[in-house]
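After the structure tokens below, expect a handful of questions from me.
Read from first to last, the chains carry the letters A, B, C and D; within each, the first residue is number 1.
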Amino acid sequence: MPALVAAIGIALIIISRQIDISIGSQFSMCAIIAGVTAASGLPLGVSIIAAIGAGAMMGALNGVLVAYLKLPSIVVTLATMVTWQEALRLWQQGRLLSLPDGIQWFGLSQPVGQTVVISIAFILLIGAALAMKHLSAGRFIYAIGTDAEAARLAGIDPKRTTFGVFVLMGALAGLAAVLNLVQSPQVQPNCGDGLELKTIAAAVVGGVAISGGRGTLFGVLLGMLLLANVNPALTHFHQPPYWEKAIQGLVILLAVLADGLRSRKNQL
Amino acid sequence: MKRKSFIVSLLILAALPLASCKKSEPKGNLTIALLPKSKGNQYFVTCEKGARAAAAELGAELLFDGPINSDPAKQNEIVENWITDGVDVIVAACENKDSISTALRKAQEAGIKVVTYDADAQPDARSFFVNQATAQGIGEQLIDTAAALTGGEGEFAIITGTLTAANLNEWIKFIKVRQAEKYPNMKLVDTKPCDDQKDKAQQEATNLLSAHPNLKAIIGVCSPSVPGAAEAIKQAGKAGAVKLVGLGLPSENSAYVKEGVTQAVILWNVEELGYLSVMAGAALAKGELAPGATEFTAGKLGKMKVEGDNVILGRPFVFTKENIDQFDF
Amino acid sequence: MKPILKLTEIRKSFGAVRALKGVSFELLAGEVHALLGENGAGKSTLIKVITGAHLPDGGKLEVAGAEVSHLSPSKARELGIACIYQQPALFPDLSVAENIALRLKKTGIFSRVRWQQQRANAVELLQRIGAEISPDSEVRSLSMPEQQLVEIACALGSGAKIVIMDEPTASLTQKEQHLLFKVVRDLRASGVGVVYISHRLEEIFALADRVTVLRDGESVGTNAVDTLTESQMIKLMVGREVASIYPPCEGAPGKVVLSLKNLGCAASGVKGVTLDVRAGEIVGMAGLVGAGRTELARILFGITPADTGEIVLDGAKITISNPGEAIARGIAYVPEDRRRHGVILEMPIAQNMTMAIHPKLFPGSILRFKAESLLAANFIRDLGIKAYGPEAPGGSLSGGNQQKVSVARWLATEPKLLILDEPTQGVDVGAKSEIHKIIRGLAKDGLAVLMISSDLPEVLGMSDRIAVMRGGEMVGVIDKDQADAHSVMAAALGTNGKEVAI
Amino acid sequence: MSFKSLLARHEAVLVFVILFEVILFQVLGRNFLTERNFSNVFRHSVEIGLLAVAMTPVILTGGIDLSVGSMMGLCAVLFGMMVNALGMDPWVAAALAVASGALGGGINATLITRLNLPPLIVTLGTFSLFRGLAEALTKGAESFSGFPASFLALGNSTVAGLPAQIWVFFAVAAGIWFLVHRTTFGRSFRAIGYAPEGARYAGIPVARNTGLAYVIAGAVAGLAAVILVARLGEARANAGIGYELLAITAVVLGGVSIFGGSGTVFGTFLGWIALAILNNGLTRISDFKIMDQTVASVARELSGLLTGLLLLTALAIGASIKTLAVRRARQQPIPLSKPDPATP
């Protein structure tokens, strides 16, 4: 579920024709910030706000560099990924952090807590899907992803929109970290490792065009479900786990291949 | 302009080794370097604690450095840096047996004493191995404990760290051997990697529980896997129905053990392992421990047994509901 | 009456290119004001200044009497300025209704998109201009004229007080043109000021109240349309007598170099083209934008290979499947879009010039810098390229000099056939006649030249024969002595209309 | 100001950074400028250096290759299998490992150039695929060792005062330098990076030459795998994890534009040296403390952090130089790189 929340953000990023590979680091950083604030005795609400706020700030840094300094997002987020990751290691040394009671499941019972987490993720997904369709902001994101110059001529500010998408991505990474945090009584600083790959792959498999402008959040949900089930499927069919990565790679390649062939058809 | 900067920089690069001047460090005491498999791991942080205590007693300087990700080349790099530093003793826990041995042999050639702990290198690459328990001992202890809990029958699964970790694979091998010999009614249904991520261990355990409804036990062989699997069992409402045993630190597992989700955590006294390893290294450097010895005095631990080239810490310890509160690591 | 839009001494440069050298212009409410000028006279730049897409380097811009600085596209929209661009600036992945909605009233970021209303709005607007387009289809799937109609609907629906139309009829069929004219008249009647840009003088006489003529980035005067005749207008635009400035053709053409028989390519919409080009001859290619001329050149150059018919070069039947092959066979193509295809702006001009002759100049793939700069220096001298040296990046040159670099690249291949696509587009008058001299000189030296141009005086002045295309087909080849503006345009339009392309 | 002098300035800045690092670490650290440590700096980073120089042509074409680290894992495993399971001569196996790398690069090249798919996603896919194949081939667990000493010498011996593998690096770097700066291939990489369509209109075989860059990157990844195995004495599926990011970092730090077109192999070389020295130098500082730990004991985290910050700074400086250039364009002729609004 937490990965789904992050995937919403990454889908918006890709639709606006950018990429963010720092979300795994953002996620870890937010998880630990939430964990540390909670462990220091502050109320859960403060931790949640701290995590989402920290995420939004990290997103804002990416946003400034990409939107206003016009730097390529792949390199910017590569640099911030390394920076946050190592800063976290320097700070936490990889310790497993135990959380106080009352954090898990937001202090509710397990079934209620699980329902809350799943509901939040789905409400967000549906909300974001509706916003992408029914709010001007959503249409702006599609517009700048399709053609930033045409968007500018149509009076949309591509810089502000891009910046906003990155901030939103960070905030969603923070929220995802919180949703992950409440699922167990301990938090590990490497909890976001590999999240960027997982979510980008889900978006691409779900039909979000890497060239921007096309894709739906419903597709992202399907992509997420498909990829998240490669591993359980191996388990269920009693297959050895070491094929997982190879299969994931093939699924990504097939998805991008299908997309490539489709857009080629469109051109003719 | 371009050409000029090119030449200048080439000159500088060429001048680097020429300009080298060996700094003579005032070296009163021993410098002991402790290499963990990975630095961020609570297990090795605890080892370091014991090692620091030993170093303080000896008046020695302790360097502690290790890899932070699973890049197999990192341990070698660190060892080679220590050779450059001219440390006196290297105490190493080996991630990749064969590759680290290459570097440790170089250290020995450079006159550095080498002791291994936790996971051994090739025998010719070190003088002694501080054996907290043999791979065989660990494997057998795990399966024996699991078998005792399940009555020696039913399906069980293993959650490991990464598929490439050498010592984990060694332990799994001995689990399989022992099970085939002694517990024919038990069946290993799956081995899953958790990439040293607790959250992934939780997912894997959840998958295992639903894929194998008759699962009786899970064995976690790396430390993040045990709390991860415990949370999965707890959330699935199968606490007690599916037994969980694993290697891990008491502090990370005490809540689950007390709740009865995790039945047993197996570990040696990690702090003492760090302490003993440093003591053995120092003794080796001072000549108090030489090949052929059968015992040596390790500070506050007193006389420790030496078997061949293994310094023995003792059998692994089983932490259960009854005794887990007595340990603070 | 107070002008609703007033520009005073507007200046704008791109690198070394001075696109606007101080243009003044004013627009009244309820008038159609035509803006006229040759290609490259600065019309498009001026429009972009008015819509806020470019910030001017100097000058004053007033809207409804108030001075506006730092105009941005969104601010322009708030001020009631709408524009129909020559190349539709639509979002191909979005639906028609959505495209229209995005261009209408500015909405807050969090305001709701009312799909029903948006659709109804689109239906109404499309009906008003009489376009039969479904509001739900993706713009990607529309034809060029249809996209242009959507643009018009956008401008119409925005409720703007100032509407700019940049060659709106360029790709429209006659029926759609009439729809457009009606829209323009309606707008005028409702008090909107329309800036109308077209190359077709007939349209200007039919629609406009006043006309401002631009030449080389300067305005050369504003007049009421009914005080001017067609030839006076042309004279204002060109600033010289048409046809007098072209280098004369000399000598008789030689043997046939290129012969096309029934050539076609389904993907690019070219069919059944038959044409001969002789050595020492310049064949002009006339036609409207989108008539298939550039597409034909792309077929000959192997970018979109032919799928029917045959190409005979020097008597041998050949196939051309990629540009490399075309170059090896002696075909050179100076493309229309100089900045994207002709010259790589970031690279030194010497490297640009040798780019097409790598295998020949650099045997074994190893660069020979001396040979390269020698070759470049020769071309710089021979073609009179103004640059500080072979190492100057292409982007630092003015448009005309960039075009010469592009020509030099292709002359370096020592071709048998040179295809030029709009060789003087965006080039100032001085450089233009130099380029004309170069082209004529090449033909004199025995090169077969195929020159695509939308600049009718240029086609008439330069060509030995004029081939006219319409709708992807070759509709006629006219000899120089029989060609005049009327006959060529008639062939290009397929009517007896009096429209004149300049 | 011409583009070239800007680049030269970037390289001059890097030389300065390197000098600063050297002085800093010599003053603060122990045993920094010793012959042995000097060898270590290169011995331990030569694989990344190889990947970085081979990545340069790819980035010059405006592409990227995320799969090189995974490719190392796959080639290392293939090499180990060929020697151990098939009993092949290690040098023959090494040649075959390089060839397999080239083949893997060929897969990337085919998907990218023939099917026109975006390099970022294609190589993200092969990043998973190659690593996955390496794990599947070894069932995740097997490793290969026991290579002959003559082969291990490639990774551990010294030739003419320098680590043996550094000579291999010099040969490869010189080769790629020649390719990029002295042949028509290099010229075409730039042209493709600046304007792929423009290059096509100039008759440059765009697909073939772009493909070549990926094939070279793959082959060099294979070579890096062989050198890593020779240094470690063990071949395992986890060889080269995360190296792609380090290599890209070195390239970008070296002043190669991630948009393609501009940059030099020498710049990449300097970027790599700066990173390698930073990485090693911090481990030398054991007399200063940061957050209650000696710098040396948190050197890895610190150097990662500094690398990230250095990269961000390099990018920001690059961006402001660009802004300045744009501002200056009002007075002086400066290349325009802003493309016209897209034409359909």
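We take it that a residue touches a chain if its C-beta (ideal position, glycine included) is under 8 Å from a C-beta of that chain, and two chains touch if they have at least 3 such contacts.
In this text, all values refer to a predicted model and were calculated from it rather than measured experimentally.
If you compare A-C with A-D, the chain pair joined by more contacting C-beta pairs is A-D. The distance from the centre of chain C to the centre of chain D, each centre being the mean of the chain's C-alpha atoms, comes to 44 Å. Mean C-alpha position of chain A lies 28 Å from that of chain D. If each chain is reduced to the centroid of its CA atoms, chain B and chain C end up 72 Å from each other.
The residues of chain B that reach two or more other chains are 39, 68, 163, 193, listed in rising order. Counting partners per residue, chain C has 89, 92 as the residues that reach two or more other chains. Within chain D, residues 4, 135, 138-140, 300-301, 341 each touch two or more of the remaining chains. Per the contact rule defined earlier, chains pair up in contact as A-B, A-C, A-D, B-D, C-D. By the touch criterion stated above, chain D contacts chain A in their complex at residues 64, 111, 115-118, 120-122, 124-133, 135-136, 138-140, 245, 248-249, 252, 258-259, 290-291, 298, 300-305, 307-309, 311-312, 315-316, 318-320, 322, 341-342. Against chain D, the residues of chain A that register as touching in their complex are 19, 65, 69-72, 74-76, 78-87, 89-91, 147, 149-150, 153, 197, 200-201, 204, 210-211, 240-250, 252-253, 256-257, 260-261, 264.
The touching residues of chain B, counted against chain D in their complex, run 1-2, 5-6, 8-9, 12-13, 16-17, 19-23, 25, 39, 63-65, 67-74, 76-78, 80-81, 83-86, 96-99, 101-102, 106, 162-164, 166, 169, 193. The touching residues of chain C, when paired with chain D in their complex, are 13-16, 57, 87-89, 92, 144, 147, 301, 303, 322-324, 326-327, 333, 335, 337, 339-347, 351, 355-356, 358-359, 362, 365-367, 391-397, 409. Against chain C, in their complex, chain D makes its touches with residues 2-4, 181-188, 190-191, 194-195, 197-205, 261-262, 329-330, 333-337, 339-341, 343-344.
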